[in-house]
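Which chain is which? They are A, B, C, D and E, in the order written, and residues in each are numbered from 1.
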């Protein structure tokens, strides 16, 4: 844009700030799940995801070893050990033996548990419990402590999702569904959109009206009649009712009204002189479409491709209904869905799979974005 | 064979009538130029011939065949659009080659013709550029090139040279003339605002006004014997000077009195009933010369002088309310602003028009032809 | 006060250099016309002045202030775009009113000025139309109107009249001249391909070629004393005839031999070292006349005649390989195609250029000025 | 694995190729049956006219066929069902419709839907437009766009988790894990149960849809913005317009058609929205919307097809004004198609 | 890949496996559609594996997040799975009434009656009318959930000196004592996204069973007594008294509807404890913090009966999945027969999250003490009642009832809530 230069510093700065604020607001929720997907399950609902980035202090419970680990030393019976597992970088600040007073004693001091039994917990989590008599407890003594923990992240969630069995296969299934289900409607819609924008034939206006009307058809409504139809066709020809072809066509059908609507409005806006010029050059409608309209419609084709891709890629319902759920047909969303527990609430898996599924659409978005070129029509016609 | 016949061709946008019934016969191989004021319907007429606009009335024949419903691609035409209409996503080369590719010509043939056209139009350097990286004139040349590489029966040019510089314009004009010569059977229809182009290229000029034909004729005919006031003023630059007058005497040679009661005798026949009627009295700026003696047509003060090099345009205030009289005098005649000047013209170069604007001279001519 | 100063202004697209360093001083209130072949960078220069293109080198001052980084809206300019650049969604009225609305002018004032401009440009009928329902010329007029309703310090016109018919063109040209006169402090920069426009409107003409200034000067200066071969051929239409020659004798008055060994004496001083050097020998078509006696410059056969009414262009084959010689002769001189013709010119009108194309006459002039 | 990839590629080629072959082939056949090149004038013209009659149908044919099967047929089926009882077997006349208008929940849905319609399309289009324009001016625009686009790429289930971590409520004084309440608490306010405050919860749900769909509006509008002739903007700059004026008076009107498209699409989407409501509240706390209500009746507990279909039909009727408006628009712009 | 090698562990009834081998289903495919996903799916598959291993049938198990919707679509459209596993009797009833399900073999009902604890209750549960109004047995109960449980942390009780209450009255006293001690007795979370409110329905059902005779409960679920019958309003009231008492519930009453049911039990394990008791079904243990040992770190007690109504005995509220045949085939029938075998139960019992009322299944097979204890409660139940909201029509049980519960904890009087729900129920009749 010509005006981008020569602007005052403030003006330019303002745009950056504005976009930054906007993007920040838009990104915070997403950032939330990114961080959440890297945290472990239990932490997720204990503290806000934004605190995951800083050192936090938590009050927890631990347990000493039981009597079987006791040693006798200087006439005293000792149980020694560490409340933390290996590699745990937390530090204990205080501890206690009653849930009501979990931070009764400072770390490093000895607490009197009565009957001569004492317990000392050090800041590295090691403890010594001593008693003049032999311990008889079968379960360790509960110790409450307050520990400060550095930020802790785990890639376990990603490991669970990415290395779950059959995921690669579902990935390919998803692509097999998505690629044609993106390209086919583009082709079909582009032809139709061109015809509706630039060709003369009876019933054109009516068709446009119908297309717009069909935009609103709720998908769920059509599932049963269609599946019935599929079953009928399958039965009649003795072929399986649930095939890739079936789901491509289904996605095509559901995506078409929007595709035609979007493409038509764009194609109708192309300069009329260019079409006329091509017509005079002897090009047929087919040639005009292929050689002039398609190349000039790249921006809108790219936009639609992005949306259709997204919608198909993230779809579960249509895939489950029109495609079987066998391993050679189960799509990625289906596979990830299967990783979730029946009662939901596996937020760590949800957040992680949300991120895993995002990647491919994002690649598509990036690679198609360069077709949003400026000034595609520049230099073609002169005038207003 | 590509003669064109237009019979009462009409075109309207909604209830806005643009063409009011055009009748025209164009012989195969003729070079026709459409001129007329901006917005008079030249482009519309051209587009109707091309088949880009559906005409709303009348008939259109190309080579004897009625083409009202024939699509543009089958009319055997090539067209240069006023607004270029280049394919923005194709290079200059592809823009020019497109039509031939569609027609299925061989690669070699396409290449030969595109390069030849590019050479003529000085576009060879730019063959790989996209239209958006071209200057206005360059774009226009591409549009011309696109038309001339093809081999149509009828060429339609809509102001093809308007964005070219004088030199290139002359060169291209000559190329078009040559092109014409090399294709004696190809009909060319050309819209221009440039008098020189119109005069030099045209076999016949069609003068349009408000969607109607005012006059059709060879350039010289229009120049010498404009059929009406409009044509008289439109053809020739600067335009013919028109002053109001009254017929004092009718007959083979008429006498007209005009500004300041000055009487001039004009060798144009007027019928007796014209006696005393108001007329318009016209003389071309270039036909005026500085009167040496008392035998002058106009007298006035020099208002303003435009030096054009070899000639100068002298604007003379002869005391009428409208704009000053213009005289095109040789560049070396000494004329001072504010000075008094007397202008004369040979009686043969004088024109008179009746109150409806029709030329008396013209009427005589047509009578002679009849 | 709006004097413009360009110091070594450069512009390139990527590594394609379009402007190679333009130095130019424009005084406040001057009317400057840029001419040059299509694609030489006129529009680019205009756009750079407007601030629409970021110049890649040099400095640009408006009213003494360096404006390299000043946004277009702060430069106090109005511009007519070569491609019109109308707002497609606004009516003609709104297109013209937009700038004033932005400037916060009162409704009444806007209306007054828009209507006045529309009147001048004969657009009153079309004020409610959208650009897409207008003819090429009408659109161009809207673009002009949009510029003239505003009150800028600098006007930039990029071929504003190219799509207008001759009459309207003259009228508009005069309007622009008047506009200029009514705003003595407004600087105008005008790009055109039309010689007449350039000659009549310009205080000074800037001749550009391939992104460089060839010559700057008043119209008459360029016409009479072109600094080099390019300017000589570019100014004047048809272009100056150039034939190859050799200097036979140097001195205050030189003798040049040219086609067929014919020798002519020219009142142009040449230095002695030029003796025997090849030169170009130029004479304008309009300076040629039919030689009556033996004192002629060129002799040849009439190749082709273009009748333009009061004058005719006679193309004469004088035996050189290049294109024929052109002579602009009065329309009434009887010239037959194929006939032999002898042409002469006054020695004062002859030009000679050295092998690099520099004018000898020019050199003398500048020397005199120094 | 390779075998599978190969078979996937093969399947894809067959699918897409088939489609290409149809268009190419059908046109070739048409050209062959009615040749227009290389035949004499009159015949060519005749053939061309015939081609002109047939070709549009070759172009729209597949689209029409598919749309008929996948959408028109189900619509008719729905219409039929809307006059039937819950099992879809017995004719009940207009009973389902009269039930709907008497139903409190239905009326509540209509009200909520109107709210959604008033807010969401406007907000999405507005934000989308702003972001599309602003990001065009900065070097990191593409990154910014991608971030705004991101929500669109997240599945609905994912999105609902995201917003759980935004709206989650914990009692006052406890550690908040919802960022909104954390912020409120940080600023000294009382945490709110955002999702279950009737009326206002509608807006919190809308925020989610706006968050998702702004990316959609942005993508389409930004492709339209690129189509604006640069020169008109330059002209406006010269005319002294500031960026805001250029935006509102030059850019917006020129992409008005696209804005209408975006607006319409989102409006229709709003009429269809149910996932958000379903996963966040399932229509409780007075946040019911028509589409979710339809879904509820259609599939919950075996479903009542009659009532579900009746609601679906009402949703479809709601789009009629939008349809008319669009057709007007399409007719006005003329589409060049004469 | 069988989980437990046939013949190796005496806890399993391996004889069944050999018996099963006699059924030859090679080449047959059995499609099963069920609610289990994630870990549950793995557990379910471990059972299915034995069937396919023994008979040679191929099993296609699938599930999805919207399986309820999908089963409707699939059955309506005519491409149902062979076996549909559904936890909602209401939904099965609907499908059966539309003629979309096949009744199970004769004798199956009898088998259940004889071999299941509270057998008749289960038979009633699986019996529905078909299209023509003819009753048939459609739903084979396999895998049960126990709902009448109160979870607690034994050590918290120990430290505070609390005893596990034996009666409702004791529980009430304990509640007050905890408050007096400065603690919070209950964690209640009704949040469940779109299904928010359902945990409260379990409370109400449990209270109904403890305050009213079973047949009143049955009438209630069938709307033979109105929802706003004093008996129901009373139950709602009892619950409301707990849930809307700021002192009784963690976070105060505002938190009740807002807290997710999955997050709710975590208060038990907080330090210091945010609450001492949490009433929830057996499955909730999978939402306990990782590493929690049932029976040690956390335990449960039976939601006690009301001492004042000894005649009601020990009623048990539960849930479970019912296996139905949506598309008949030999394999489907054989599969149902497989479910009758103790082995089928024992395999899952030996792992986790599975209870069975099947008396012939070896209780020793339970994977841990907690399960065994729950199994005992189930088998010894004097009355077993299925989750009432699942028995009600979807619009009520998964709609108005939930919404009503939210209103109730929001402070709306119980009578009004009940009246509203009844109104909705009237609307769908």
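Assume a residue touches a chain if its C-beta (ideal position, glycine included) is under 8 Å from a C-beta of that chain, and two chains touch if they have at least 3 such contacts.
As the structure is a computational prediction, the values presented were derived from the model and not from experiment.
For the interfaces B-D and D-E, the C-beta contact count is higher for D-E.
Using the average of C-alpha coordinates as each chain's centre, E ends up farthest from subunit C. Most remote from subunit B, judged by the distance between CA-atom centroids, is E.
Centrality by C-alpha centroid: the chain sitting nearest the overall protein C-alpha mean is D. A rotation of 180 degrees, rounded to a multiple of 5, brings the CA atoms of subunit B into register with those of subunit C.
Centroid to centroid, with C-alpha atoms defining each point, subunit D and subunit E lie 40 Å apart.
Chain geometry summary: the mean Cα position of subunit C and that of subunit D are 56 Å apart. Centre-to-centre, using mean CA coordinates, subunit C is 94 Å away from subunit E. Subunit A and subunit C have Cα centroids lying 64 Å from one another.
The residues of subunit B that reach two or more other chains are 71, 73, 83, 103, 133-134, 136, listed in rising order.
Contact with two or more other chains is made by residues 2-3, 45-46, 220, 225-226, 284, 316, 337, 375-378, 382-383 of subunit A. In subunit D, the positions touching at least two other chains are 36, 52, 157, 164, 229, 234, 237, 295, 298-299, 338.
Looking at the complex, you find that subunit B touches subunit A at residues 47, 50, 52, 71-73, 77-79, 81, 83-89, 98-99, 102-103, 130-134, 136, 139, 146, 150. Across the interface of their complex, subunit E is touched by residues 41-42, 45-46, 59-61, 98-102, 139, 142, 144, 220, 223-228, 230-231, 241-242, 316-317, 320-321, 324-326, 330, 334, 337-346, 349 of subunit A. Residues 54, 65, 69-71, 73-74, 103-104 of subunit B are the ones that touch subunit D when the two sit in their complex. Looking at the complex, you find that subunit D touches subunit A at residues 1, 4-5, 8, 11-12, 15-16, 19-20, 23, 27, 31, 36, 51-53, 55-57, 59-60, 62-64, 66-67, 69-75, 77-78, 127, 130-131, 134-138, 141-142, 144-159, 161-166, 175-179, 182, 211, 214, 216, 219-220, 222-224, 226-227, 229-230, 233-234, 237, 243, 246, 257-258, 260-261, 264-265, 268, 271-272, 291, 294-295, 298-299, 308-309, 312, 315-316, 318-320, 322-323, 326-327, 330-331, 333-338. Contact residues on subunit C toward subunit B in their complex (touch as defined above): 13, 35-39, 42-44, 82-83, 133-138, 140-141, 158-159, 162-170, 193-196, 199-200, 219-220, 223-224, 233-234, 236-239, 284, 286-287, 306-311, 313, 328.
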